[in-house]
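Same chain, two partners: subunit A is paired with subunit B first, then with subunit C.
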Partner chain A sequence: MNPGGIAPARARDLSLWTDKKLPVLFIAPVVGILLALAIGPLLFIFITSFTSWELVSMAPPQFAWFGNYANILADGRFWNAMKNTLILLVGGVGLQLVLGLATALLLNREFRLKKLVTSLFLIPITIAPVVVGFQWRVIYHESFGPLNYIIRALHLGNGFAWLADTRTALFSILAAEVWQWTPFVTVVLLAGLQSISPRVYEAANVDGATPWQVFRRVTLPLLKPTVIIVALFRVMDVFKIFDLVFLLTGGGPGSASESVSLYTYINGFRYFSMGYATALAVIQLVIVTVICMRLVKMMRVGRA
Partner chain B sequence: MKEREIRSSKSWQAALVYFTIGVLLLFNLFPVYWMFVGSVKQRGEFYTSPPVFVPKQLEWHNFSRALERGGAKGIKDSLVVAGSSAALAIVLGSLAAYSIARYRTGGDNLSFWILSIRMAPPIAGIIPIFILMRYAGLLDTYPALVLAYCLFNLPFAVWLIKGFFEDIPADIEGAALVDGFNRLQVFWRIALPLAVPALIVTGLFCFIFSWNEFLFALVLTRSRVTTLPVIISGMVGGHEIMWGEISALSVLTSLPVVILALLLQRYLVRGLTLGAMRG
Partner chain C sequence: MVKMSRRLVLVTAMMLAISLVIGGGIVTGQSRKPFEGVKIVAFGDAGHNLKPFEWYKDKIKEESGIIIDQVVGVPFTSVYEKLKTEFVAQTGAYDLVIFYPAYLGEFAGLGYLMPLDDYAKKYDPKLDDVSTGVRELNIRYGGKLYALPYDGDVLNLYYRKDLFSNEVEKANFKKQFGRELKAPDTWDEFLDIAKFFTRKKGEKLAGETLKEDFYGSAELAARGFSYAWWLARFGSLGGVYFDEDMKPLINSDKGVKALELFKASLKYSPPDVMAYGYEELKNAYLEGKVAMVVQWSDIQKKAQDPRISKIVNRSGIAAIPGTKAGDKIVRSAPMPVGRVLAVPKTAKHPEAAYWVARYLSVETSLHDVSSSETGLDPYRKSHFTSPKAFAGLLGSEEAAKEYLETVGVNLENAYPEINIPGAGNYQDVLDLYINRALSGEMTPKAALDAAAKEWEQITKKLGAAKQKEIYLKAVETWKSLGIWK
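Let's look at the complex of A and B:
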């Protein structure tokens, strides 16, 4: 009880001091690590984005003012990646919301083996995106994949070279993304549905509302905050999409299915253009921050 | 007569519900089924049309070959990285979470700042972290990945555990303070034991995130440390794709996570929405 031979009175002071400072001492490690891993890098990419820095040439970074940003704005490949990301975002999240809501309404009914079915629905979320990417490569395979086989068997056509065709590559990524994440939307919306008090429905029934009216006037408005939260989570995630694109198409053919994250990765770790890559990163950071602020606002309101 | 009509329309509805659920489950589980089937197919069975939907015999050698070709090391490295990262996250995260939940340290701004780090795009973090690790000589080591994973595991752990602490009534702790416990004793002897289930849930989530993570592992490691997603991606990019072996490794990668997630099912909504939804 007397470590390091501190006099008893001093030890008591020390323990009083620790006691008073305990909240700060407790939070210090996390704040310290996050400052080092997040704020340091944030400053770093911000500064680097104003330099021309090619890691392969061994030349030190040179100040380039807004050179990188000007180049990005004039870079057709960047805008293409941005367009692809937006297509995945609008199409992917849109489909996930529609399918997710429909499935949630279905699972909210009473039926046998409900618990088991709900568990089975969750499986896609848990699988590593890399594994999902590989599996869909197998499914999309032009000659031996089950998808083209089914298309041929149903006499719907000859199938596609899904991942190697400019017209279908991006769509194929979108389908895999929707497959993996619709269950997430489903379970969150299901939780939202279950938190709606049955009394509300009883009241609506007493008033003689039709099922469609109940859905349109009661369920949907009450579910709206949950829908917004889940949509923002998906928007934020899809905007950062990398693994699936990397595994399925590598951004190809050419750059037909490249996402902004992948284009940034290629600039940073294949061309080693750190200045350009960090400028791209700053742009994405700004966009995500805007979405994130909206989400955080929703979460704050939700708590109040 | 009328009652009968209602009943038959009810059973029609029920049939429709079961049918739709069946179709949806088929879509949901087919790729998973295809992965399992692929892991026990013989090499030749990958190059047939129509594809083999049910293999005639089970080729378990895919698993042993996958383990030999880096799979065993992948499992070990993934376990080490995901395990230590999860442990670090719950130790440091529970301290910070307690501080925020009970003493409102730093107010709302600090806690939402921590949350926003979780949401930042990883691609923005990876470039500076890569350069940092390069200068520190930590590339291709365990600490590089464990530290890097703090970036998303710590904010996650703080937020999730904070929610759990807020669910525990503070009265017990207040009473203990009056009884002469100091704040550290209250935390260690009263709050923490009550939060053990929460810590386990949080740790498992962090484990899953780290286990499945790809971008950081791809950039920060090369050959000394190789986690499962990086090995799978490398095998896919190889000259001749070893379908059976990759499928076997995919099964080995997915199975533990699927089992963990089913155990966590009650908390899944809460975890995946960072505590925004209680599920």
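Let's look at the complex of A and C:
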């Protein structure tokens, strides 16, 4: 019997247990909170999407398997909303990236009042979406809006009913979206440009590279991770676009400017078809996740 | 010591007596205010129709002790979704709610509202004085009283009587159409007149050169309530919502013809008419941009307010146009909106809320419906027999009589709103497809076919048998009132 020999073994066991279990104990509250706040609601949405749950009649939810998803795939209004959302996504994010990069390159040069101009650029981002919606409603007004006033003053025609015409409503929303969020892209890309070492440019100049070659072969590759990150943010945001659509056109005229988010809202809070609305939400979640994963992959490939 | 004690007793007794008198007075005063200190929260669509709460809050407090703590306003077209969300979640956030009676079937049927019959016995809401249509269609469900009327909406025709009585215009119209220029009796005549008055900038109108384009008519063509402007045509053609087996009939020939008539009128409307809701339509008429509009009853009052109107004393009101059926003209005046006051089952102070509802529906209603400050319209028999109350606003007692008589005629030709459970859903889908046809996205026939298909799905998901039973009961009521042929 050597009690002194057992004690170190127990101490070692305890130490091993502590090493293994203690981190779990520390992490447990965070995991619990995450489950309750993020995973829980997501799970609820996922389960609800497989039910037929009509709050209008207050009938209890019934399991519908993939019924909601099948109905969505056969729903012309959903595909119309998806088409509109993709137009806003491709057109909006594309324009924001092009204009944002152009303005970032301009702001990356030294000139007088640079700080003031850069600060002014931030104003649209800070305005509440409700105010932006109201402001653009006024700008687009057929009779007293400044846009039509300018068109008439320049004798370019009588102007348009921007928000009331199926041909212009969606693009009017797109313009307002580009106006508000291009400065965000500018600011992020400007930070990216300023993080590129001046030595790289010096080396390119020494090698006799033309300005276009410098932009094409030096600036763009080094800016690519920042471009992808800002595109990621904008894609996630534009895919969910709701406020401007709701405020400017309400999805109309007809359903000419209805976005997927607005259609989901209508199903959830106007028709109170909770199963259908949550299935729409799950589809959006899957699409935006796939797009974002693709962008993240592009970023990793760029780094490698 | 004895003297001191006596004095002390005397003084104490006097003070006691005085305090009893004062205290008694206070107690008596309190008993005259049955709800002293009770705070209520009211809900409704934001804007001018919530003004009465502001106007009378001091008086309500003075008479009942009730404090109007908060009046929550939401956009005109968001009333259903906001209220339904509150009711489903049973938040108890509101004591008194204003909504559109199309939702009464759903809200009362699902037990969201408190029956008011017992309160009505205690505080008389004077329902015998309420116009029959409003009383039978808007405030009762399943034989019980669930709401009190607040607004008597019906659609009317408004026209520029200065233009219609201009000799040059009259002569030109007669030359062009071979008949007298007068307020249109039929939707076809409506289109002729709209076409006649549509002029370009620089052309003459009633002898004056136009500085801007002028339009024959305007419609409420924005999403939300455009379905009601279609119903005005559909009803006059004899259209009905469903057959006896709940098969939608909105895509019948009558439905398609009604939508074609509606769409045809947009040719003579301002170019941004597809964005016209209540405000835009009202402004187009009051700013003198259009010759005719179909609108709610408050427009004539607004037209007489020089602060907002350029057509003071120049607006006429007429029966809504109809469709010729033999020698007769069948008119159909929809009653969209038509607000009512109700008390949710979850209200914290239901009796106090009812007291306020009754106060606004009975005591102040004549003032509120005859004021240009609100958009509230007459709904009590006593309103229609009080032209003096409207005379100051409408220019003369004669003008007031003409206004009240015309609104009365349109109420007699009322076309009921669909008010079965899911009404908000049926209306929204119908409105969407009407809007898609108006904007040129779909043909009228394709749009109404799609709407009918979605109506079938709504009926199915809400329970076809139950929906049929409720709808057929509603039809019985409409027939008994003589507003459903």
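Quick note on the criterion: the second predicted complex is superposed on the first by the 256 of 304 C-alpha atoms of A that agree within 3 Å, B and C clash if a C-alpha of one lies under 4 Å from a C-alpha of the other, contacts with A are read in each partner's own complex, and residues count from 1 in each chain.
Rule of thumb we're sticking to: contacts are C-beta pairs under 8 Å (C-beta built on N, C-alpha and C of every residue); 3 or more make two chains touch, one makes a residue touch a chain.
Just so we're clear, the structure is a prediction, and the values are computed from it rather than from any experiment.
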Please work out whether A:Arg270 is in contact with subunit B alone, subunit C alone, both, or neither, and reply first, second, both or neither. second
Touching A:Leu163 in the superposition: subunit B (first), subunit C (second), both, neither? second
Could you look at A:Ser255 and tell me whether it touches subunit B, subunit C, both or neither (first, second, both, neither)? second
Once chain A of both complexes is superposed, is A:Ala104 in touch with subunit B (first), subunit C (second), both, or neither? neither
Applying the document's definition of touching, compare subunit B and subunit C: which contacts more of subunit A? B
Just subunit B (first), just subunit C (second), both, or neither: which does A:Glu54 touch? second
Counting only touches as set out at the top, which of subunit B and subunit C does A:Thr278 meet: first, second, both, neither? first
Have a look at where A:Ser143 lands relative to subunit B and subunit C in the superposition and call it first, second, both or neither. both
Taking the two structures together, which residues of subunit A meet both subunit B and subunit C? 143, 269
Subunit C-facing residues of subunit A, complex: 52, 54-59, 76, 141-143, 158, 160-161, 163-166, 249-256, 266, 269-273
List of subunit C residues in touch with subunit A within their complex: 77, 80-81, 84-85, 88, 106, 110, 221-224, 270-276, 421-422, 424-425, 428, 432, 435-442, 450, 461-463, 466
Contacting residues of subunit B [partner subunit A, same complex]: 14, 17-18, 20-21, 24-25, 27-32, 34-35, 38, 46-51, 53, 92-93, 95-96, 98-100, 102-103, 105-106, 108, 110, 112, 114-117, 119-132, 147-148, 150-151, 154-155, 158, 182-184, 187, 208, 211-212, 214-215, 219, 228-229, 232-233, 236, 243, 246-247, 250, 253-254, 257-258, 260-262, 265, 268-269, 272-273, 276-279
If you look only at subunit A, which of its residues touch subunit B in the complex? 15, 18-19, 22-24, 26-27, 29-31, 33-34, 37-38, 40-42, 44-45, 48, 103, 106-107, 109, 111, 117-139, 143-146, 149, 153, 179, 183-184, 187-188, 191-192, 195, 226, 229-230, 233, 236, 239-240, 242-243, 246-247, 261, 264-265, 268-269, 274, 277-278, 281-282, 284-285, 288-289, 292, 295-296, 298-300, 302
